[in-house]
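See the structures that follow.
Two complexes are shown next, each including chain A; its partner changes from chain B in the first to chain C in the second.
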Partner chain A sequence: MAKGFDIDHLAKLARLQLSAEEKTLYSNQLNQVLTYFETLARADLPPVADVAQVVEESALREDIPSQPLGSEAVTKIAPAARDGQISVPRVVDDES
Partner chain B sequence: MSESTWEIVIGLEVHVQLRTRTKVFASVPWGFGEEPNEQVDPVVLGLPGTLPVVNRAAVEQAILFGLVVDATIPERCAWDRKNYFYPDNPKNYQLTQKDFPVTLGGQVEIELPGPSRNVMGEHKSIRLHHAHLEEDVGKLSHSGSGSLVDYNRAGVPLLEIVTEPDLRSATEAAAFLNALVTMLTQAGVADCDMEKGQLRCDANVSVRRLGDTQLGTRTETKNLNSISGVRDCIQYEAARQIRELEEGRKITQETRGWNAVNARGYVLRDKEDAHDYRYFPDPDIPTLKISRATVERLQKLVPERPFHRQRRYMEKLGLPYTSASVLIADKALADWFEAAVMAYPKNPSGIANWVVNDLLRDLSVVTTAVDSFSETTPIKVSLADCRIKPAQLAGLVKITDEGVISKQQAKEVFAEMFRTGQEAGDIVNAKGLRQNSDAGELEKIIQEVIADPAVAKSIAEYRAGNEKAINALKGPIMKRTQGKANPAMIDQLLRKHLG
Partner chain C sequence: MDKSQFLVWLMTNPDMSDALHLLSATEIAQRLQAGTLTSRALVDALLARYHALNKKVGAFTYLAEPDVIAQAEASDLRRKQGKALGPLDGIPVAIKDNIAVKGQPLTCSSKMLAKLISPYDAHVIEALRAAGAIIYGRLNMDEFAMGSSTENSALQKTYNPWDLARIPGGSSGGSAAALAAGLVPLALGSDTGGSIRQPASHCGVVGLKPTYGLISRYGLVAFASSLDQIGPMARSIDDCELLLNALATPDARDMTCFDKEQRTSLPPVAVNQLRIGIPRGILDKGVGQEVAAATRAAIDFYRSQGATIVEVDLPSSDLAVPTYYVVATAEASSNLARYDGVRYGHRSAQATTPVEMMTLSRSEGFGPEVKRRILLGTFVLSAGYADAYYVRALRARSKILSEHLAALEKVDVILTPTVPTPAFKAGEKISDPLQLYLEDIFTIPANLAGLPALSVPCGKSQHLPVGFHLVGAPLSEKKLFAASRVFEAAHSYRHQQAPL
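Showing the complex of A and B:
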């Protein structure tokens, strides 16, 4: 059985409020996923080269400016806006 | 407090905005001072269906930086998602490089202040751990019950340069930042204008008893935005830690902020396990393979390292430290100086003197008159527009060395050259400044002057053994020649005639 996660901690990081039932449900599901990976990790395979997708530099974008959206379009899709800026509940980084 | 028994250990993380036209993963332009949210597009906002595409200029500038500091450029680099919830980032993750950064290792040579301005201080090499390419985040401003978000800065290419814990004092940290800024700007990869937030720094500080080999518990002070801020903050934080330990308390590993106004550090409220960023490879941006051909091409763009240049000026060209250090701080100025030396290689110190004193002084006067706001870069602006060209200054030094004009006359010629851009020789001819070395004519003048009864007293004194009395005769002679006479020749002929 896979271990090594704390459902309360994960819920807090994801800003989720979970009921006791949900915690049990998601814990079991996460466990199944992790157990599956443990199974994969046990498979006896010959060493293979890195198969992650690698691109050459030709996939890079040239540094040529395109048209911005404009602040009106940006603020229009935000739930709240003021003076061309997106308005959010107060977040603080102030001295304590 | 007994700081002498403690050693301060500092590592810096320096965030530098690269000098691109567009953002690192989006083709929208960026720049300082725009109206809020005018430099934003769907990729910056992380809207559904958008995909980031890496900016070639950002990658190449990062590699060029790596080459400037002798770093290794790995064959591959890759981006990861750093997950956190905060409105400065619309995607809820920041794209950064955790495991496969664009450069590894490297070092920056620093120069500490000498015992006086004229004396070069100690040099040290500060190792870099790595540098990685990431995106800047948006800007928050707080008002009343809410906060406002401007995403113009979000997605601006940032190079995060991470040092090893090699720095041992606030002075060394400041010297490191100065050297780093010089290298970044001279390589053309960043402007490092701190007032525009183009360079920000986090300082990791710990202390240990002298002789200890284990590092003490460190704190990290975030978001320092000036070199003096870094210096003050490190001094404050080291003193605080020493006081805590000497009074028997422990140092807590914590993130801190710095208030530059009252010069005090403070603990940042912990953003509830914000350190648990759950990094994972970004699935939208494939791993990038960097060809050796690109590295070789960029290697050719690496400018001479500033302190290498300083050594060359002092050792090969015989320049004093005071001139060499001024020249190397400004690449355009140093290049200008070298062009002049190329035109007249016999007297590099003489040329350096003119450049560092007269040229810089006159350039700064001109610039101040034209634009009093650009105080930080007055030379760069005007050197390109300077009327005197390097070969022309070389010509002035040459005719002065050859005795065609006196040093005093050279000042006058220089002022005229600076104003008009004419050749030194032409000005000398036009103004009739040529130093008179015709012994026959001069001898005639000398004979007339010493026959004048007004100077009889001085002549008597000189003959009686008062060496200085001869000077009283030189003035009238020089006046009769309208300042054109060669002073050495006057002296020689006078002594001959007075016997």
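Showing the complex of A and C:
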């Protein structure tokens, strides 16, 4: 099983900013956990996973319209909102 | 006090005004129905106890007294008018802080959601309200249910009522501690790898992880969706079953929740017909001496009652913990991607661009264990590694499931300890995640296989409670309850009080 990883790349994928101390700590701890995972690499396993046995999904539910949370309820819990809409930092730069 | 002493004490204390917290939900229901107790009087007694003990135990993170009193008075009024809604009407149920209650905090014990007020009720809360139960306060937990000691809560510490220097277990540590401290008769927990059963064992209470699909997850904050289940926790088997019956109803909003036709449960089995499987060599694997002794005593008890004890083979048991930590972290890294600072939860005040907003909000909002698991889950799903880790883990999960189903063809239940060792001291394992992951070695397979599993108090290791663990075939909850009720009736553990 492949070992070792690039903590900077992972942090970027996970959208986490880590301090130098965090990087060292998590790298060491994750390496330890991955070493423990090696039992999986050595195991004799069935060729395919049939997880559908565990998680049996019901047939599609009836298509009955229901009342969603209104914009008032949604914007009330948003970190920032204006005029009934959620506001975020500028996404697109000005053209000028 | 043993059971007979307790009964004598009960009979010589007809007033009971100062001991309402000791009653089981079943006993409370009988008194409410007989008119010898009101919900208001019960709630007043529990609130007094909350004020006296919650600081010491740290179980509750939130309790709205006026709301609780109003619910109790509404219940008493219904009863007076002959409109009581059922056995749970007027009985308080405390809620783990990852289950949505409209108008109340939904923090998951995380800084990320510290200010979130839920705009809606979870399905289980709707079901409890329909049954007349009192939605009673919110319980501490490991952040986003990730942990086995409740030490990962960003809000507060929770202490084991049996020994305040020790952890209550986790992640439903607040739920187990509240029950053991007599702060509430019933509680909801959630279980992804043992988060109901491990704290139940550590605090000497009963906890069930139901069959995957039995209880709707609508309104449960997602950690690992293919493993998560809400479940009942209580101080007795009867109470645990009473609560389960109210929660286990169909709900189209969770597509993995069984519909009406899929809910045929397996019938209970008389103890002299019961076949109990013991995994070969189970007590040799790092199980504490006193835990092993209590488990052997439970096995001997069942044998003396006429149950058949057989050894079963579960050769892939060693794969359960690594398989779990690949599957659970993979799903968590995906589920927790929603915390981006946009729609709800923490948003960093420092961010000037959208990417900064996501990155800084997540870095400031999540605690260390959540970050660790997101990184691990991101790694096992990342290009070049997904086949070696995630896909292999899914194949191992299949194997673990087929081995369990094969064993459960031959036996009704599989019995093991719930946790290898009793509750450890606070801080003892916080810097060693791998050691902490091994707490769940006996509870994880039931989540991977979607099977129902119950932890039942069965003894002590010195002064600390110990539980045994029963796993059954899908929808065999009645079998688990019936089997454990025989044990409970013959032992005094249910009436033991934590020394607070």
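Assume the second predicted complex is superposed on the first by the 74 of 96 C-alpha atoms of A that agree within 3 Å, B and C clash if a C-alpha of one lies under 4 Å from a C-alpha of the other, contacts with A are read in each partner's own complex, and residues count from 1 in each chain.
Going forward, a residue touches a chain if its C-beta (ideal position, glycine included) is under 8 Å from a C-beta of that chain, and two chains touch if they have at least 3 such contacts.
This structure is a prediction, so every number in the text was calculated from the model and none was measured.
In the superposed model, more residues of chain A are touched by C than by the other of chain B and chain C. Within the superposed three-chain model, A:48 lies in touch with chain C and out of touch with chain B [touch as defined at top]. Once the two complexes are overlaid on the shared chain, A:74 sits against chain B and chain C alike. By the touch criterion stated above, A:11 is placed in contact with chain C alone, chain B being left untouched. Look at A:65: by the touch rule set out above, it reaches chain B but stays clear of chain C.
By the touch criterion defined above, A:83 reaches chain B but does not reach chain C.
Legend: residue contacts after superposition of the two complexes on their common chain; A:91 is shown touching both chain B and chain C. For the contact definition in use here, the residues of chain A common to its chain B contact set and its chain C contact set are 13, 15, 53-57, 59, 61-62, 69, 74, 77, 86, 88-91. Residues 9, 12-13, 15, 52-57, 59-71, 74-75, 77, 82-96 of chain A touch chain B in their complex. The touching residues of chain B, when paired with chain A in their complex, are 20-22, 27-29, 35-42, 45, 53-59, 76, 78, 83, 85-87, 140-142, 144-151, 257, 259, 266-269, 272-273, 276, 278, 281, 286-291, 294. Considering their complex, residues 1-2, 5, 7, 10-11, 13-18, 22, 26, 29-30, 32-34, 36-37, 39-41, 43, 45-51, 53-59, 61-62, 69, 73-74, 76-80, 86, 88-91 of chain A touch chain C. Contact residues on chain C toward chain A in their complex (touch as defined above): 116-117, 119-120, 212-213, 226, 252-253, 255-259, 262, 316, 318-319, 321-323, 325-326, 333, 337, 340-347, 351-360, 362-363, 366, 368, 371-372, 374-376, 378-379, 382, 384-385, 388-389, 391-399, 401-402, 433-434, 437, 448-450.
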